[in-house]
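Across the two complexes that follow, chain A remains constant while its partner is chain B and subsequently chain C.
The block that comes next holds the complex of A and B.
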């Protein structure tokens, strides 16, 4: 079936705001600061947060163990360059593959676990991997491992890592966007909202959740690989630190879990706060904890969730809308999903 | 012989692990609250005890009772003021809020007590021991194990013999019926959380007499508690105790084999059990009953 004029206009309208906003944000990150370090960290943390969001927001599996993928990504990059002498692009590929394989093995244990059992199961495994890496001499045990930088082009190193971070952030944002608009994404969200109903129309819940876990792990693994590439050193207590998970969780929760716009907002807020509390790390952590509680009590859907609920605004539209005459006439109307949700809500409470 | 001593020590630590798991299972079974801050309350109990002992030289039993009372109050208030607003069919809000609470407690402990690794020293009682069949066992670990068993029996009696215990079990099944009988659901939940935090804090204090702790010990304690709940099954006192002892023995013997392994061996044992269950092998103590 050929896409007609309306459909094409709608498609353009769906992508244009997101592309424009991401372009503007990226331009700001590229040209405003004098130093590339902070923008690079922002982009990588954002990508990891969006990766976690794919699993926890869209597949409904709250993970407390994503630090394992960050660490595995970093270590497999380092070891494939140090021990096997692979060039950087190939090593990044290996890092991605190893992280995906790790997630696949973990899925063997996890795929029947739901809710809290999944959250804790993945946490125990992450802790296991951290302890094992800390015992393993080949990867430097608890001393950690330095990247042998002789093969790297150090003159343009900072710029190259920065562009890797930009590439990862952009590919993740639009990759997840396209994925969620696909048949797979629809099935994933349907399973999250009602697994029995989803199964009754033939959606393989287990398979789509495992796929989401593996993709989410891949994103965090590549994020970890690029981050630790930039500092040339990784150790088990840093790369597998729970604070990675707390950071990502805070960003997604405050921005809006299960929205594509939320992690952008959350990342911005996180780094503004981090810069404001630069001299007082404990206060910053206390504030994060307090914010998590306050957000859960007053607006569990997060900042973007509240905005979207009030205005119906979607910068990255992942909800299906019924076909209608024009884009402008359609946009402000609540979607059928909104209406259905509004009808369901009082009955549940 | 040293292996036998390690196993005996493991059983004694395991009794406390069973209590950790029991507290977590109460909150999960009755309120459906997955308390991520459980490990931090365990550590908080230890710090509270250490602080009380440093202010005045009290008897250890008095300290245990004081910590129990304070912890019950803290748990009651936590449930009544915060968690009662977050419970519902979706467990995620309460999980994330208690995650936030765990970050707050952890960093508050760091800023008050620093990051040093501590231990509670009880002087002469610490080193006293008896020799049974050629194996020397400390008096203190025996007392601690006895307290753990007494607490298990007390919770069992509370659950089956008292009104509030029956209300707990009824709340786990159907809180609407409970409310028609004139119980205030919010207060029943608050008492249950008080009991859960009390068990955590008392067990945490007793463990601190046996091993060292720091503000960062909470995560390890939390994971152990969850492993106890998942292995032992929800709502089974005996299951919690056996699972706790199992994990305690595995951990202490593991530490004997490799002093740097930390909780690695108990994690691996837990994962092994998950894998075995995955293939539907029924375990002796894995039967579910509420």
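The block that comes next holds the complex of A and C.
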């Protein structure tokens, strides 16, 4: 179906604010800092947070175990370069595939669990994987693994990793946006609200959730791969650390879970706090906890959740609008006969 | 056309639905009545796949759907309105119905939008299309529940006590909607409001402790000695209400 001019204009209107704001934020991250180490970290953490939000905010599965995907992504990148000598682009592809496969295997155990059972289940599994990796000699056991950097072009390394992070963040933000606007996205959100009712209107609820888990894992896997690529070293206690999950959780809950704008806001707030109290780690943790409490008490739907509720503002609009009144007005008032005919028509389906 | 033969449901040692069979054709409405705990809702749960059966067979237009998962039955044109509305609370009223229209009959784009608005107009929710469904009062949620059943129910529609709590005028409007749907649908309707069923149902089936006691023309069933016996007291209250 060809979209008409009106629909195309509406589509442009839906994308324009998001593109403008992301463009401005990226420009700031690219031009303002003298060193792109911090911007890279910000972008990667943001991408992972958005990936977690896809599962927890839109599929309704609150995960406490996403650090496993970050670690698996990092390790599969390292091992496919170290042990199999794959070039970086290919190794990134392998990292993505291995993470998705891990999520698919975990889904076999998790797909019937809901609520707290899912949260605890995935957490336990994540910890099992961390312990296994710590015992496995081929991946360096608890000592961790260094990336053999002989094949990497180290002169432009920092820039390359930075641009990988930009690419990932942009693809994730707009990829999730497009996904949520699709039929799949509508089915996913319906499943989140009521999985039995979702199945009763023809949505493959279980499959939607598993798909969301796998995509969410892919995002965190790639985020982890790029992050550990930048430091050339990964170990089980770092790459599989629960603190990754806590960071992501904080960002999304503060910003607004189940909104696409929330993780952007949350990431910004997290790094502002972190930078402001760079030399005072305890103060940073204290303020982080305090912020979390204040937001959860006064705005449980997150900062963006409140803004959206008060103003109806959407920078990344995922709501489907009913056809406007102009459209309805143009239609002639249906006669009784028309109505009877309309009632008969759907039987063809 | 829905053909149900000898379906059964057990919870532990208790048989909740025991070897119930019936057939409902297109353009036909079967009313289902029975005291609380008779197994009416469990029967619907087995028909739409919310619950598994412990025996028996269900044919939809000749096709065996006994083992089909719930979402597959919906895609084959079976819609269901739950007794307690199961609303997608985070979605708008429009999106609640659109989800069914796009996943069930698989309509897309403008056709899906038009069909969704048509359903919302039928149940009287078109003016509230853009509202978030979680904020709707109960009566509107019941209307939305009917709309969701219509969104996928191109062949069969199961209605579970959708008239409960409506005003007399609203019940009449509902009867009109169901009568219109009946023209080209197979309809099963569980309802305690007797006159609503009498107005639309072609036959009435009585369930009691999971067993089918009687099935026949509405007037005949309502006047039968067996219905008087199990409804003694209950029927009097109902007439007092209406």
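Quick note on the criterion: the second predicted complex is superposed on the first by the 323 of 349 C-alpha atoms of A that agree within 3 Å, B and C clash if a C-alpha of one lies under 4 Å from a C-alpha of the other, contacts with A are read in each partner's own complex, and residues count from 1 in each chain.
In this section, a contact is a pair of C-beta atoms (placed from the backbone, for glycine too) under 8 Å apart; a residue touches a chain by one contact, two chains touch by 3 or more.
Given the structure is predicted, the values throughout are model-derived calculations rather than measurements.
Asker: Classify the contacts of A:186 with the two partner chains as first (chain B alone), second (chain C alone), both, or neither.
Answerer: In the superposition, A:186 touches chain C alone.
Asker: Touching A:198 in the superposition: chain B (first), chain C (second), both, neither?
Answerer: After superposition on chain A, A:198 lies in contact with chain C alone.
Asker: After lining up the shared chain so the two structures overlap, which partner does A:291 touch, if you call chain B first and chain C second: first, second, both or neither?
Answerer: A:291: touches chain B, not chain C.
Asker: With the two structures laid over each other on chain A, which partner does A:121 touch: chain B (first), chain C (second), both, or neither?
Answerer: The answer is first: A:121 touches chain B but not chain C.
Asker: Mind working out whether A:282 is in touch with chain B, chain C, both or neither, as first, second, both or neither?
Answerer: first
Asker: Quick check on the superposed pair: does A:246 touch chain B, chain C, both, or neither? Answer first, second, both or neither.
Answerer: The first partner, chain B, only.
Asker: Taking the stated contact definition, name every residue in chain A that is touched by chain B in one complex and by chain C in the other, in rising order.
Answerer: 348-349
Asker: Where on chain A is chain B touching in the complex?
Answerer: The contact residues of chain A facing chain B are 62, 64, 108-109, 112, 115-117, 119-121, 123-125, 127-128, 131-132, 134-135, 142, 242, 246, 249, 253, 282, 285-286, 288-293, 296-297, 300, 348-349.
Asker: In their complex, what parts of chain A are in touch with chain C?
Answerer: So the residues of chain A in touch with chain C come to 1, 183, 186-187, 189-190, 192-194, 196-205, 258, 319-323, 328, 339-340, 342-344, 346-349.
Asker: Can you check the complex and tell me which residues of chain C touch chain A?
Answerer: Listed in rising order, the residues are 48-50, 69-71, 74-75, 77, 79-80, 82, 86-92, 94-96, 98-100, 102-106, 108-110, 113-118, 120, 122, 126, 129-130, 148, 150-152, 154-155, 180-181, 183-185.
Asker: Taking the complex as given, what residues does chain B use to touch chain A?
Answerer: Its residues touching chain A are 28, 34, 36, 82, 85-86, 88-89, 91-97, 99-104, 106-108, 110-111, 219-220, 223, 226-227, 230, 258, 260-264, 267-268, 270-271, 274-275, 278.
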